[in-house]
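Next come two complexes built around chain A: one with chain B, the other with chain C.
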Partner chain A sequence: MRVTEEELVKAARRKDLTVRWVSRILGYIVVLGTWEWASGRVLEENLLPGPTRVVQTAIELFNKGKIFSAFEATLTRIVLGVAVAFLVGAALGILTQNRWFAGFFKDAITIGLTSPGLIWVLITALVFGNRWYGPLSAIVLTTFALVTVNVAEGIGTLPKDTIDMAKAFKVGVVRRNRHIVIPHLAPFLFTGFRFSFSIGWKVTVLTEIFTASSGIGFEMRIAQILFRQDEVLTWILLFFVFALFFEKVVLQAIENRFFRWRKEIAST
Partner chain B sequence: MADIKISNLHKEFGVGDDKVVALENVNLEISGHVFVSIVGPSGCGKSTLLNILSGIETPTSGSLTITQAGAQAAPGYVFQAARLLPWRTVMDNLLFVQADKSSETRARCQKYLDMVQLGDMINIIRTSCQVVCSSASDWRARWRPMLIFMDEPFSHLDAITARSLRRELHSMWAATKKTIVFVTHDVGEAVELSNRILVFAQGGILKDDINVELDFPRDPSDEAVAVAKANVLKKFEELDLLAT
Partner chain C sequence: MTAVMTESAQSSPQSPRRSTRRLPLALRVLRSPRLARVLFLPAVLIFWLISNKLIADSWGFDSSVLATPIEVWDFMYAEVTGDTVAPANLYQTFGISLRRLGLGFVISMTVGTTLGIGMGLSKAVNAFFHDWVMALLAMPALAWALFLSLILGFGDKGPVWAVVLAGIPFVIVNVREGVRSTPRDLFDMSTAFGVSPLKRIRHVLLPSLFPFLFAAARYALSIGWKGLVIIELFGGQDGAGWTFKFWYDAHRLHGVIGYSMFFVIFALVLENVVLEPISRRVFKWRPSLNQPDIVEEDMDVVKYPALADESLSDRDTIIQEKN
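The block that comes next holds the complex of A and B.
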């Protein structure tokens, strides 16, 4: 029986998939296994509760409705913060096309890019205490510059050639923006959003640890004060799960749906 | 058919030490069902002239009018380098510049894609746009306009493909009443296709305006065509354009 090329490719792809998933699952098994083993042996059980214990706690917290309310509070802050950071950042990105504004904001943007979120968390905690706009301004200050830089780069690389082509063919300004400018800017906006979300997420939890009276960070701090190590670990684990879900499922889906053409070009 | 009238057209880029004169006081009239080639060394302003004619660039001074049956013309333009939207399919790239997107337009696009042997690529998404650029230049199905500018459309192609596309281009021009302004650096190609050859020299100076009075179709291996080509080359020598 002859094996066609197509079958060979399929077999190779199957093997690839198998390796990828088996190695990934092995990673989980080893880490969780070591953890379970170490709990009560390397460290006392109340210092390092094992994964089964943590899952139990997670179920209890879920049944009390705590997980939902904490995530709700944190996500609201993130969404608001990222939205404002996005608007501010994009506006600055547009403004800095002008040389005067570019000079005016240049160092502020560099500082925005380089200073760690912790600085803004401390400052906003001092200034605003536990008022709702404290965390919000911390997120905005930490992430706006990422959006600015991306938007500015997107505008700076607008395909003049293609826009000229459209002009030569008398394509109107609305269609030019809709079909050339926006699709060109979309990946830059997406990258800005992605960065600002992933950083905003960490900053939010950090502000909650310091100032808020709700949210994941707040719950972590309370659990720590009460010396409930299992709860601390539960929150940390949930934090990981959510971050993974958002990165691997939500953002990936958006990317696959809208930016497939970039990958295809990269591969030619 | 369209009428182009250019008077004292002057185009400079940059200022001071960076100043480049791309077109120097060009006076020119093109009208009716003609195929006009523009030849000259690279950097002599050929693309700039087409860009000004198509409205992409504005002249530094001078005036131009382009009319089509008394009204403003809407020319088609095949650019020197492909200008495609990589997020669109090949077919959607073609339709982008078409005002009417009916099935009749689609069929027309398909016809020209077939002509450049890209017909079966229209459904392959995005990547294929890049393939279009590399395999068939920016030769696109933009054939409704009665005035067409083409900027070295065949210079990226292999000799055989270029030859068959030149034939297609000629028969299309002969069958319609289109005015074509065709930039090339290949004198043979110019002689084969045009009624009229405009010779530009470095600095954007229009040096010569040659009428080619030979019957179509012109086979490059035909003696009369070879002689005409030799004559044009001789003029080039006289104008000192082949030096450097």
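The block that comes next holds the complex of A and C.
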């Protein structure tokens, strides 16, 4: 029997795929298995609760209704913080169109990009105490620069010809911004938002540890103080999975839909 | 001044750029972005003092709870000269932390490089670890801090583990990418001539891996440092992060701001004085590889238009530096 080259390639590809999937599943089994095995043998079960224990705790917490209220509190903070950071960042990005303001805010943006969230969390905690705008300002200070950089970058690539034409035809400032600048900036704004979210959720949880009496960070801290490792792990994993899901699936889907009319952006 | 005026008067006002030259010098200076940049610092200081006053007035507490720029400066000066109220002075605390960072860095580089080479060479090994490495990559340092501090308690072990866990996924991913970008031809040739696998790794793989290893080292250091500070804050009894928390617990705002500045300065020094010159020196012989093009399917990095022309390493650093 003769075997064509095409069949050989196909067979090789199929083999490749099985190898990949088998090792992938094996990876899950080995890692989760080691974790489950190590709990209670290598370390005490209280120190390292296994995956089954974590799932049990998650169900327990869910039945107590704790999960819902904690997520609600944290998500409210995130949405508020990221929204304000977005407005401030975008306003700054638009201001830096002007060369003078670009010079003025240059260092502010560098500082905003490089300083870790922890610094702002502690400073605002001391200044504002438990007031709601303490954590808010920490989130804003940590994430605004990311939006600014994106907006400024978008402005740098503005279609100058179109704007010049609009100016020549005496189109007003408001209409010029509405019809040329904002549509051009939209993708940059969107990525700025996604970007600040991915950092925003981590900072929010950090602020809750220091200055909140509700939310996921608060629950994590309490669990740590009470030495309940299973609850610490459960909160961490729940929120981790949630944030990844939101970022990678929900936002990605929205973005793809939003920019369907511009294929070159939607494809990224 | 007059010379400028006559010169600009003589030149024909054809380009719009020239026309600004006619402005009087004072106005031109006022309008220059450089002056604006210089003005930023005094503006911040004034804003700081005014908001101090406003906050103290509106909440009706003693304004000595808040810090003034001068207090912060005095604090930083005292710390730098080794005069401190905290249990250990600036050099001792940073020394303790740097030792932990160094140890964690060596471990994460060794283990990460081994795993990365394995993942780059074999598809099966790659599939085995891939999802877990990606999960590690996106894990916030805070999670490790709380988790490890309960298991390992206060001491050196927790912080070192935190450095390893924070840095290792970046090492793995970069090394894997480096292995994948090794020139295939050289590899095939050495296989054809029957060069032993060990020799192949030593003479073909490692040289082309070097820029990626360097990038990995950079990540491991800067991200490991962030993780270290956070775990020292929650589960430590000494070190830079713990001292930062010490001032926070003592409710000394000038101490907290001063220490924040030390962290920022430390990061800048590490990047510009230590890593940058080394990278320039090491890669002098192959200028094109000065900035390796690291491509990775990073779960934590959003693909975004801005900074697209810069190397990906900057993006990651920005993202990761925040947690």
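Keep in mind that, in the parts below, the second predicted complex is superposed on the first by the 205 of 268 C-alpha atoms of A that agree within 3 Å, B and C clash if a C-alpha of one lies under 4 Å from a C-alpha of the other, contacts with A are read in each partner's own complex, and residues count from 1 in each chain.
Going forward, a residue touches a chain if its C-beta (ideal position, glycine included) is under 8 Å from a C-beta of that chain, and two chains touch if they have at least 3 such contacts.
Please read these numbers as outputs of a predicted model, since none were measured by experiment.
Asks: Between chain B (first) and chain C (second), which does A:165 come into contact with in this model arrangement: first, second, both, or neither?
Replies: first
Asks: Looking at chain A, does chain B or chain C touch a larger number of its residues?
Replies: In the superposed model, C touches more residues of chain A.
Asks: So in the superposed three-chain picture, is A:202 touching just chain B, just chain C, both, or none of them (first/second/both/neither)?
Replies: second
Asks: Which partner does A:107 contact after superposing on A: first (chain B), second (chain C), both, neither?
Replies: Once the two structures are laid over each other on A, A:107 reaches chain C alone.
Asks: Which residues form the common part of the chain A surface touched by chain B and by chain C?
Replies: Residues common to the chain A contacts of chain C and of chain B are 265, 268, listed in rising order.
Asks: Once bound in the complex, which stretches of chain C touch chain A?
Replies: Listed in rising order, the residues are 31-37, 39-41, 43, 55, 65-66, 123-125, 127-132, 135, 138-140, 142-143, 146-147, 149-151, 226, 229-230, 233-234, 244-245, 248, 251, 253, 256-257, 260, 263-264, 267-268, 299-300, 302-307, 318-319, 321-323.
Asks: Could you pull out which chain A residues touch chain B in their complex?
Replies: The touching residues are 159, 161-162, 164-171, 179-180, 183, 260-262, 264-265, 267-268.
Asks: Can you check the complex and tell me which residues of chain A touch chain C?
Replies: 16, 19-24, 26-28, 30-31, 43, 47-48, 99-108, 111, 113-119, 122-123, 125-127, 142-143, 146, 149-150, 152-154, 187-188, 191-192, 194-195, 198-199, 202-203, 205-206, 209, 220-221, 224, 227, 229, 232-233, 236, 240, 244, 247-248, 265, 268
Asks: Taking the touch rule as given, give the residues of chain B at its contact with chain A in the complex, in rising order.
Replies: Residues of chain B touching chain A: 51, 54-56, 74-77, 79, 81, 83-88, 96-97, 125-127, 130-131, 142.
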